[in-house]
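What follows is a set of structures for review.
Both complexes below contain chain A, partnered by chain B and then by chain C.
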Partner chain A sequence: MAGRHLLIVLMAVLTLPIVLLYAVLFAQSVSEEVVGVIPVNLTLSNWEFLRDGNIKVPGTTGQFYPNVYAVALNTLVLAITVALLELTFSSLAGYAISRYKFRGRGALLALALILHSFPGITLLIALFYVLNVMGLYDTLLGVIIIKVALDMPLDIWIMKGFFDGVSWDMEMSALVDGCSRLQAWWKVVMPNVRNGLMTVLIFGFLSGWSEFIYVLTFISSQDYWTFSMLVYALTTGEYSYINPGVTSAVAILYMVPVIAFFLFAQQYLLRIQITGKGIS
Partner chain B sequence: MGGVHLLGGNREDRRGRRWSRRRYLAVFLAPSFALIAVFYLLPVILTVLISFTDMDYSFRWNWIGLENYLRMASDPIASKVLGNTLLYVFSTLALFNVGMALLISLVTVHIPERIGKGYRALWLLPRITPSTVYALLWLWAVRQDPTALINWLLSFLGMEPINWLHKYPWPIVIAVNGFVGASFGMIIFTAALKSIPTDYLMAARVDGASTLQVIRHVELPLIKWPLMFVTAYQTLSLLTSYEYILLVTNGGPGYYTTEVWALYSYHLAFAQYGGVVKFGYGAALATVLVILGLIFSIVYWRAFRFRELMVEPKIEV
Partner chain C sequence: MRRKGVSRPISILVALIVGILIGAVIGYALTPKTPAGTAASSSGDLEKLRTENEQLKAKVEELTKKLAATGGGEITIKVWTIGPDPPSEYRLKNFQIAADMLNKWLAALGSKVRVKIDGQFFVRPVEWGEYKNKFYLAYKSGKAPDIYLTGHEDVGFLASNGYIIPLDDYIKEYWDTVYYDVIPTLWEAVKYQGKIWGVPQDTEARPMYFRKDVLKKLGWSDEEIAQLPEKVKRGEFTLEDLLKVAKEAVDRGLVKRGIVHRVKEGYDYFQFYLAFEGRLWDAKAGKMVFTKSAWRKTLQWFHDAVWKYKVISPTQFSGDWDKDFHGPFTKGEALFLSGGTWHKGEWVSKGLLTDQEFREKVGYMLHPAGERGGRPVTLSHPLIYTITKQAQERGVADVAFLLITMVTDPHLNANHAVKSSHLAILYSEISDSRYRKEPFLADVAYMLDYTTFIPNHPKWGDYSRIVFNVLRGVESGDLTPDQAFNELLSGIKGLGSDSVIIED
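Let's turn to the complex of A and B:
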């Protein structure tokens, strides 16, 4: 049908800017210069920093940015810790809310829902105060705790939804057979919400991995820099356009897990949006 | 206790179980809700309290009543920023978060699923790309250099290279946010459109309706609620978002050209070059957003029947 082809072309035109933006990134990382999206003089020299992790600050004689591998390790620690804590806490709370009747249940659920309307980035000043009082300013732990706390309401709602979908029968027979509540939760219910757990895990990992504002605001020493800060440093200031090739290479390195999830775990990413935010 | 107790037993047993039930509830709920209380609920309350002080880096609680709010009312920057915020929120919402999202969903459900899915996946890419990288892609694309993406493309139409960020900061800011924002509505709308029974569409077809007529008279009316939900939800998201603006223009170029409300609050507190850090005034601006958040959550509650999501479990062990 001609109309259908027209629609496909229309979508191609609408989507083209996205494709071009990323094409420039990849072209720049493997060439000396890029004209539009066309790489000129292919080279791998932009990736040389991978050898020892050192990137020189342009315009200086011997100054270096924090070592790329140290930065990668910080980012990994942040992302994995955030993901595992969110997974553990939300699967515990989601289960209790899905399965128990108790006083204050409605209030807790409502609290989680209402808090979700206050994005953390509007609470920066108060969070800054809390972190300082608790001695957590300028620590990765401080950023981790804040990320987990702010993602928690959404995670609880996601996990509650998945637990609601698990049938009672299996759990009942486990309890009748003498399992404790915790054993039943771990052995019988948890294997049945694997999709939910994957969703929270991937979502938590990506949210920790990409975090920028909290690292920018709550971390001051370069020892705790994550990839977002390194990319930010490479692209701000007067030297930002001196070496786009190296910056592109670092940015692509930063995007490796994102691309992996994009290619192999898309069904989870889509589910996040639907179960999580799109409660409609 | 209520509920159906499926495991009977004598009174002794039951009391024991009630105790262990409490212990279990504590184990299940304490970690997450303790975190939420200290690092989410408390900051909401502190934001409001700090807004009644002139707190700076010394963290002293010096109460000054409503002074910050009076100042807000007479601050010429605040009124400029308010105008910017409305421009930013409603153009991005209309053009991308709802407009583009609806267009993508409608088009991609009317083409073969494999192709439609591919397009929707590409639109998801900006959302899951780290903000610093995504902003960087745009910064490169809008440069003044004739080899930069936009100037290079337009050179085929014979246009001279220009510095897009200085000439057209608002269209750039809206596009940067819009290409991220469209995917939320896209996913919700697509799910809603796919759940329309094919009988309806068939019936309309049999009656001789064209694709456009099907969209206008069958599909759009049936996704009215998702449309309203996305509009309400994304209005609040946009009102409180500033990360991409911070990265792309940081409120510039020039005098608060693209500064929005949430970013102004951020700048007052954390980026006063050579000036005094104004946590108090910044918190007052943030409090306005907190109140808006509260109003919106009431709207969700009422209009979108969130209460139904909270039904209690029917059986209890």
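Let's turn to the complex of A and C:
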């Protein structure tokens, strides 16, 4: 019992700095100044940008960052599309790899892992070349394709693990009962890997929502900015120009959907099983 | 299909505007204010001008009717500009003002064609390097801006690689509208291989700022302080003296830092090389120059500043703009600051200094000569508007140049110069009422007599980067001056003798 209490205290101490960070962030967004974690002179003026979505570039008289609502929409489109595409492709690929034996299957899985091990930043030049050839530089679609392609290896492994866990007998029964392979996949196997699908969906959404480096590199037009770019611009300019209140408010706005999504999906995250039955 | 749709109204629009502008110029020449003795005073010439004016008026009416018949449309001009300091926002804002003006003219003429600016003004955290990278990526993808603001030193690279188009014909066409008024030396900054590739947007000087209040505490009289810029001009106060005064201030605990300089890659430190009588450019040969003796002295000076006099921080080159540059100086914690005229604009804009505090506490002078009796220096880095090849391919280069001509206006350019503390590019701008109210700009104008431009050479970026890396090594203590010199020489040799002249 004493050990359990000690563990709770230890966890609380370890968690406290993170909690304090969020507390300061929130306090900053609703006040003119923060002393410690205590907000001084409460105000909602830092949130005024929500009226029309416009945030002025500090130090200028008439230049604005991209409209916050347009930024939110871009971020949402990026995150949802990435999540749905990853879900579709990885569920099909994971099933095929789990269920079919074909030449190069082992090599394919190994290659997928190797591809996933490359730091994304080392691929920038090659990716630019590909996007340029496809005419997708400076488009959200270009970033979406890159994200999906680079996330796929992990997603395939996750889904393969879940498909491995579904009994072959169950699928065989469906086939004997007259289902086609695709029907068996859709009607019998997929409901049994719901947790895996949710996992891929969650990871895909978070991956798209937080994407920064590819947006920074492959988007030149402010029309396609996402939240990560806006927060980057607001926080990493010269200190004298930074408005901590507005910056904190935008950061919170950026976090809220993720927190909400996490609360909704955390039960599925706890059920991840990637290992499956191997490549046999 | 789109090109066909756009090109016709564009050509009509441009012809119309050219007609209006030429008509306006001729009309101006015909006004009673024309001084006696000018060409217009001759009755024969006057008659000729009147005839030309009538012809132009008829042409304008004809074009207006044609334009009305096109049914209208929107011409979008993509403009990229950068501060990176926010007060330089008029580099873009002026285009928006010009487009509004142009659209009013078009509406008044009954045309349905409208011009729209799709503009971007990049500020920090985007620095010059990232801005240029974005341009190259966008260009390679066929999504380059039509008007691209950049440093004049990029002209060689951009022109030789076909990114931008020469503007000689346009400038001739619009010469009497505004370009006759551009301060002539600025044209040198936009030339490459005998052609003009850009229109000057602004220029500046790079003063050595000093804190008058700190010098007073050091025992300097008001008169001595006031005379310092003059002593620098006469070569009586050298870079060595700068180190000594800075050291005294640090030793006596009056300041934490003797000298601060820029914290990122840039061109400011070439002033020290120029102060030691180094040469950067050989106009006849069209090559960059590496003067060995000057580089040796420069590297030694930086080494001594950090490690002997201890007046520059060894981490200055990896510092932060506010914490290690603006902050220490504006708070009076640094005695000297090697900066640019635009920094005054930034300090006021950020609230780091008021105008009054600036006048009372801050002085400015040229960068002192390297040796007694030598010539002090500064460096100018005019920014220029260029038109990309892709604008020409889209058929909007004519409209883009028209907009550049409209923003090269004394009133609009003064908007930028006054707010951001840059210097005038037009003679008439100097007499603009707002410009004249800014004494700082008038005070530093003499520095342009001592200025040097960065070479317009395609490999200038490589030269600059090699120097930056070596200087950073000297300041951090990773390289001795000798090691740094050898590394520098080796790097510069690598650029090839067809690019750099190496002299003793």
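By our rule, the second predicted complex is superposed on the first by the 247 of 280 C-alpha atoms of A that agree within 3 Å, B and C clash if a C-alpha of one lies under 4 Å from a C-alpha of the other, contacts with A are read in each partner's own complex, and residues count from 1 in each chain.
The definition used in the following text is that a residue touches a chain if its C-beta (ideal position, glycine included) is under 8 Å from a C-beta of that chain, and two chains touch if they have at least 3 such contacts.
Predicted, not measured: the structure shown is a model, and the values here were computed from it.
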{"item": "Touched partner set for A:Pro191, first chain B, second chain C, both or neither", "value": "neither"}
{"item": "Which of chain B and chain C A:Tyr137 touches, first, second, both or neither", "value": "second"}
{"item": "Which superposed partner A:Tyr232 touches (first chain B, second chain C, both, neither)", "value": "both"}
{"item": "Partner chain in contact with A:Ser220 - chain B first, chain C second, else both or neither", "value": "second"}
{"item": "Chain B versus chain C as contact partner of A:Pro58, first or second or both or neither", "value": "second"}
{"item": "Touching partner for A:Gly165 - first (chain B), second (chain C), both, neither", "value": "neither"}
{"item": "Touched chain A residues, chain B compared with chain C", "value": "B"}
{"item": "Residues of chain A at both interfaces, chain B in one complex, chain C in the other", "value": "128, 132, 217, 232, 240-241"}
{"item": "Chain A to chain B touching residues, read off their complex", "value": "3-4, 7-8, 10-11, 14-15, 17-22, 24-25, 28, 33-37, 88-90, 92-93, 95-102, 105-106, 108-130, 132-133, 145-146, 148-150, 152-153, 155-156, 168, 171-172, 175-176, 181-182, 206, 209-210, 212-213, 217, 227-228, 231-232, 235, 240-241, 244, 247, 251, 254-255, 258, 261-262, 266, 269-270, 273-274, 277-280"}
{"item": "Touch list for chain B against partner chain A, complex", "value": "1-3, 6-7, 20-21, 24-25, 27-29, 31-33, 35-36, 38-47, 50, 55, 59, 100, 103-104, 107-108, 110-112, 115-116, 119, 121-126, 128-133, 135-141, 143, 147, 149, 152-153, 175, 179, 183-184, 187-188, 191-192, 211, 225-226, 229-230, 233, 236-237, 240-243, 246-247, 262, 265-266, 269-270, 279, 282-283, 286, 289-290, 293-294, 296-297, 300-301, 304, 306, 309-310, 312-313, 315-317"}
{"item": "Complex contacts: residues of chain C adjacent to chain A", "value": "85-87, 89, 92-93, 120-121, 123-125, 134, 137-138, 140-143, 320-323, 326, 346, 349-352"}
{"item": "Chain A residues touching chain C - in the complex, by the definition given at the top", "value": "57-63, 128, 131-132, 135, 137-138, 217-218, 220-222, 232-233, 236-241"}
